[in-house]
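Below you'll find the structure I mean.
As written, the chains take the letters A, B, C, D, E and F, and residue 1 is the first residue of each chain.
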Amino acid sequence: MGISDLVARALAEDIGHGDITTQLTIPAGMNGRAVFLAKQAGVVSGLYVAEECFRQVDPTVQFEALRSEGEAFEVGDTLAVATGPAASLLSAERVALNFLQRLCGIAALTHEFVNRISDTQARIVDTRKTTPGLRVLEKAAVRAGGGSNHRFALYDGILLKDNHIAVAGGVSQAVAAARAGAPHTLKIEVEVTNLQELGEALASGADIVLLDNMSLEQLEEAVALGGGRVMLEASGGVNLDTVRDIAQTGVHLISAGALTHSASAIDISLQIAAL
Amino acid sequence: MGISDLVARALAEDIGHGDITTQLTIPAGMNGRAVFLAKQAGVVSGLYVAEECFRQVDPTVQFEALRSEGEAFEVGDTLAVATGPAASLLSAERVALNFLQRLCGIAALTHEFVNRISDTQARIVDTRKTTPGLRVLEKAAVRAGGGSNHRFALYDGILLKDNHIAVAGGVSQAVAAARAGAPHTLKIEVEVTNLQELGEALASGADIVLLDNMSLEQLEEAVALGGGRVMLEASGGVNLDTVRDIAQTGVHLISAGALTHSASAIDISLQIAAL
Amino acid sequence: MGISDLVARALAEDIGHGDITTQLTIPAGMNGRAVFLAKQAGVVSGLYVAEECFRQVDPTVQFEALRSEGEAFEVGDTLAVATGPAASLLSAERVALNFLQRLCGIAALTHEFVNRISDTQARIVDTRKTTPGLRVLEKAAVRAGGGSNHRFALYDGILLKDNHIAVAGGVSQAVAAARAGAPHTLKIEVEVTNLQELGEALASGADIVLLDNMSLEQLEEAVALGGGRVMLEASGGVNLDTVRDIAQTGVHLISAGALTHSASAIDISLQIAAL
Amino acid sequence: MGISDLVARALAEDIGHGDITTQLTIPAGMNGRAVFLAKQAGVVSGLYVAEECFRQVDPTVQFEALRSEGEAFEVGDTLAVATGPAASLLSAERVALNFLQRLCGIAALTHEFVNRISDTQARIVDTRKTTPGLRVLEKAAVRAGGGSNHRFALYDGILLKDNHIAVAGGVSQAVAAARAGAPHTLKIEVEVTNLQELGEALASGADIVLLDNMSLEQLEEAVALGGGRVMLEASGGVNLDTVRDIAQTGVHLISAGALTHSASAIDISLQIAAL
Amino acid sequence: MGISDLVARALAEDIGHGDITTQLTIPAGMNGRAVFLAKQAGVVSGLYVAEECFRQVDPTVQFEALRSEGEAFEVGDTLAVATGPAASLLSAERVALNFLQRLCGIAALTHEFVNRISDTQARIVDTRKTTPGLRVLEKAAVRAGGGSNHRFALYDGILLKDNHIAVAGGVSQAVAAARAGAPHTLKIEVEVTNLQELGEALASGADIVLLDNMSLEQLEEAVALGGGRVMLEASGGVNLDTVRDIAQTGVHLISAGALTHSASAIDISLQIAAL
Amino acid sequence: MGISDLVARALAEDIGHGDITTQLTIPAGMNGRAVFLAKQAGVVSGLYVAEECFRQVDPTVQFEALRSEGEAFEVGDTLAVATGPAASLLSAERVALNFLQRLCGIAALTHEFVNRISDTQARIVDTRKTTPGLRVLEKAAVRAGGGSNHRFALYDGILLKDNHIAVAGGVSQAVAAARAGAPHTLKIEVEVTNLQELGEALASGADIVLLDNMSLEQLEEAVALGGGRVMLEASGGVNLDTVRDIAQTGVHLISAGALTHSASAIDISLQIAAL
């Protein structure tokens, strides 16, 4: 589902058979100017979605983004300005803000994680723990915040997790099964929970190993064992307090579901004045 | 957009042309049992959505909810059990959890707000600051947490906000304009920011007054002035620390966008075992 | 479903894999001028839909509305002119007329009702007895004819009818149940069929009372009892012959399903000439 | 668009995010019985659509049609009975009736036309003047009333009308153009307005001739000239008063837009009782 | 489903959440020029679809068709040129070619059939053996190649095949049943497999007779018997080797499923250069 | 787009507002038995799609597949049997066959390719040269024929082709750019046309190298140079005559667009008998 469709559905959800309040109070010919004002510091993501909201409500609205995707902003900064029929600005306001505040929230939280480890080799990556239906936007927000994307979905990556491994009969067997039938364009990632399994993973020829819920000591040993041969990803217990220590173990990737499932919205208001 | 459609889109987003990992490692005939296990305390909302996820991936999966919508749970509680083809359980897992964790998060946060003011007359209500596309689910989660719903959207309520009032030429004029053309089944709510505007609102015959960003003292005066004649709703600066004091001013309703735009996901895991 | 989607479906229904007759007989480069000519007097509603029909078939067609929504017209009046490729005009003709004739019919019939009671205080309102799928257009046609809209649908108004009341155990109980859980932005309307029930409705604090199928005498008594305290709506047996007497009883609203379920199409023809 | 989709859209239009009144007043476990009662005589069409309405709202509702498509009914007759959760019966009621009343209205009106000419050779046929989006249902209602269907749409029939003929340079040229490119499975019908054009149509090898707005005398002459060689269809000025005279001229077909664009709804009520 | 929708689905299928390769390697501001170069001779069909592909990916791409629908081309010919952002050209390339190569293949194969019988009276017609979902495009490609279209689908033609005849009790009965209820605008075609059935078909007043799998001798006799009275269509065993002999028997139409179900794609490449 | 949706669209395309012939000739209560009979040898793919066609037209039809996906069949073999209402069997017939014949054709052609190289190490893989909209089915048919799938689309694989390389400034630069930003789960494939470029590809750390249009001698040298270090894929000029020689050079993969863009339909008929 593309952005245009996402916006169309969100507008239908919020406007439905009509914005009654605006219809009753705003004269048809009146123009207005709407300013997106940051009430909280953050990182820009999703102004392009806000723009699409106004465009769908009324193609005559002019939208000017004053900040770029991924740019940091402070309280009081103006992020964008929309000009056009006042009624259209009012009817699109809430949906545009609902998208923008959430995406800026994800970008800002990702940025915080990234900042904590900026002097290490590790990269912050997202997960599939995204809002149902909004993944393409939320993964873009992670990139805007300086993070990297893990696989997008179940169809574009192979990640053998505990359940797959248990059924296959072990790490080696699971990797072998995957290799036998996988499209040759996909790497094979396997989750391990201890160093013995890591040994199996290395021996089986996995391309990437997910180190799940390991202690810092285990992570260090894992890096010593496999860091030069495969890509190592740490997950579990990752938060702003722990991420730096994890990164310093030498793992290549650190994945955190919180980037998308628990980011708070950034407070942004739309100030509309008649022209 | 009904629940069935929401789930279909979320599954299409996550599974797309196929869950490659599962296809490569899980035998077609193998059955499994999946247990939804709470890793954090919370309040149930959305097990019916999780059930629909499994049903759409595979109608032969049996889903049993062990907790009811709105019921509180503790760490370690089992919320539901699904039984059926192991491959189907694995393919539906992430989407089911993505819905459930978010909705339980909203219900839990709402529950906290409601608990803080349980000995007052005030009710907690939500806003239109919901995730685009998921409003029907998120408003249900607010109810599960003990909150009440404000208008669903722009089409089923009249709320004259600062911009509408400015254009109409004042509170009285805005209420008059609304009353002249509104469907007779809708009440008219108007936002005011000071006591003088409240006076105008009362005089104009508004049915509900939204007291925006007022101090506790102002709220108390507002209640003294209008509490017996109209419904009073407080908004702005509402959080877990402030909500009790606000409620004690005697307002009837307290609305909080945070219920839906900033609730963290509740950690719930799906433990799958082969049968 | 927005107007654009309604028109797209109607065109798909009528044109499908192609307008064979036009393809076989109208040269690609030929331009034409199409005039909407009234063959019957009426009230304009839906020229904006007709315009959308031409626009979707061919964006190069120029459409000029000569009359405004809600304007009365006589036999022989020209309502609009469309200019562009002759083949496009021909392919869009029937669908544009099918919408326009129906909507003008509803507007004209509403106008007749409204005219009969223009010297009373009563307003004519519509019902949910609309053509499935076309409600948004038909309710707009009612407004074009001078009528007012009742609730749009089941989601934006509370109307306790006989069945709800019977189940709840009486008028008082039904109103109480509704008040306990309803969004605070919606008024509560309750249907009564005699004066005793009206008394209950008044006592229970209903906001609006629907007086169903009452005699003129009953309506007068109802107005005497409750007219100053609640809004009163008469329904049942409303037609062009009875509406004036009903209005003169002093009720505030008169609802008539016939406005939308039994209006005849107004005869309008499209006269196309090659340019 | 199939029936299932039409019903889904109509229900979404009317129920949207929820039937609030029913949710507030009808207990979840209560069952009911709903009887479709004719308040006016008519002809059955569309009980299958009403059934689909209940089925989509709640698959556990049992629906029993007591009359068949095309069967006449009198005031007081019971047409169908639905049994199931009372809340489901109430939520589906209006949409089911909106479909049924309209379709029975079309069937009844068609039946009246057909009755007037039952001792002639002529058949009553419909037109493309149907409600946008509901053509498949309305054409079925015409059949239920004893009428026949003309072409369904622009894609399954060739009908050269005045504008096509004018552009092509005359009746003969238009028919020749059509014959040159038409799929060999379609007949060619041409509209004429006088006997000279009829002569051209006969000479050009048209399969069907539409006699538009001719007087009874002209129709008789037309039948004398062409009745044995081509199919003759009369249109224009067809109503219940004129149809018999037109039929007696010997034309094969009489088409009337009024069947679908101006039929009044038949009054049918749904009486629901708790079980 | 219109062309715009077909292209949208095809692009969604191929691009999904993003053209990763292009995003990683093609700078945002770079422009390019893409030339459609024929690597094989053929007949043009579908450049309008290719244009729509580019337009949907990026409305700023300029597309110029250098050949017309139905025009023959040789190896090395340039069919069209597209200019615009290089990334957009690359992302649309494969889908545009997938449509174009298939449609040119159908047009070219049809053209070969048509050429073989150009000095006879017979016409080549297609069948319903088209690619699911692409019928409107493939039938247009047949016309581009000089062929004619048979009925588009089950809804716009009556063709009584062996199974229908068997059930009806014979050719005469089947034709009679069809004539009794068919819309008067459709001809009636009936399939026969021998001359006795042909006799029945002629006697029953069928409009068209499909001669299925007859020998050349049978076809000649069939033409002698019925050629002057009904339209005769030969089918079965039609290929480039046999078509000329079949045409010379004097049948009016020859239908071949191979036109659409077994045409090979024409090799066309897109050569993109940076500007 | 899932299989259910693909089938729904194909049925809508072919049946539209109704299968007129069947409606006119097949009695409602009659049952039949339909046998899928192979008129040509082939390999089964798509019986599950045929089953879905019958199921959607009429859920009461019983469908029994007698052969499995991927199983070879001979002339005269029965592939499946469907039993149910004769009218439903007839209405679904053509769409079911259109899917099945195409998919069996792809499986059969793939099987031929695979057979030619069964004693080598090479695998046959498909391309993105599939029918727009049917890729998921056609890629499954390739697997049924014994082939392997290349990336599904632009979103799940990185393939640097000539144009990407030219823009990036060479093979090394292109691979470096891809590696810098690619999701860590995807391998990087790069196309080369000569051995010098292959050298660059190897040096740059590409995971897979596509050897485009190389002679057998070049392919052998390529294998000697890189076969032990990267995966090598040959493409260009691949047909049933050349594939064996190409495979014997030692390449790992051979890709052929012809598998999907130029496979002929396998002749399968549906023989329906009344029960």
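Here is the rule we go by: a contact is a pair of C-beta atoms (placed from the backbone, for glycine too) under 8 Å apart; a residue touches a chain by one contact, two chains touch by 3 or more.
It should be emphasised that the depicted structure is a prediction, and the values quoted were computed from it without experimental measurement.
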item: Chain of greatest Cα-centre distance to chain A; value: D
item: Between E-F and D-E, the pair joined by more C-beta contacts; value: E-F
item: Interchain centroid distance [CA atoms averaged], chain C/chain E, Å; value: 46
item: Distance between chain centroids, defined by C-alpha means - chain D, chain E (Å); value: 34
item: Distance between the centres, which are taken as Cα means, of chain E and chain B, whole angstrom; value: 53
item: Centroid spacing, where centroids are CA-atom means, of chain E and chain F in whole angstrom; value: 22
item: Shared-contact residues (touching 2 or more other chains) in chain B; value: 12, 16-18, 135, 152-153, 155-159, 183, 186
item: Interfacial residue positions of chain F with respect to chain E in the complex; value: 1, 6-7, 9-10, 12-27, 30, 32, 86, 90-91, 94-95, 97-99, 101-102, 105, 128-135, 153-161, 163-164, 166-168, 174, 177-178, 180-183, 186, 257-258, 261-262, 264-265, 272-274
item: Touching residues (chain side chain F, partner chain A) in the complex; value: 125, 148-152, 155-159, 183-187, 189, 208, 231, 233, 252-253
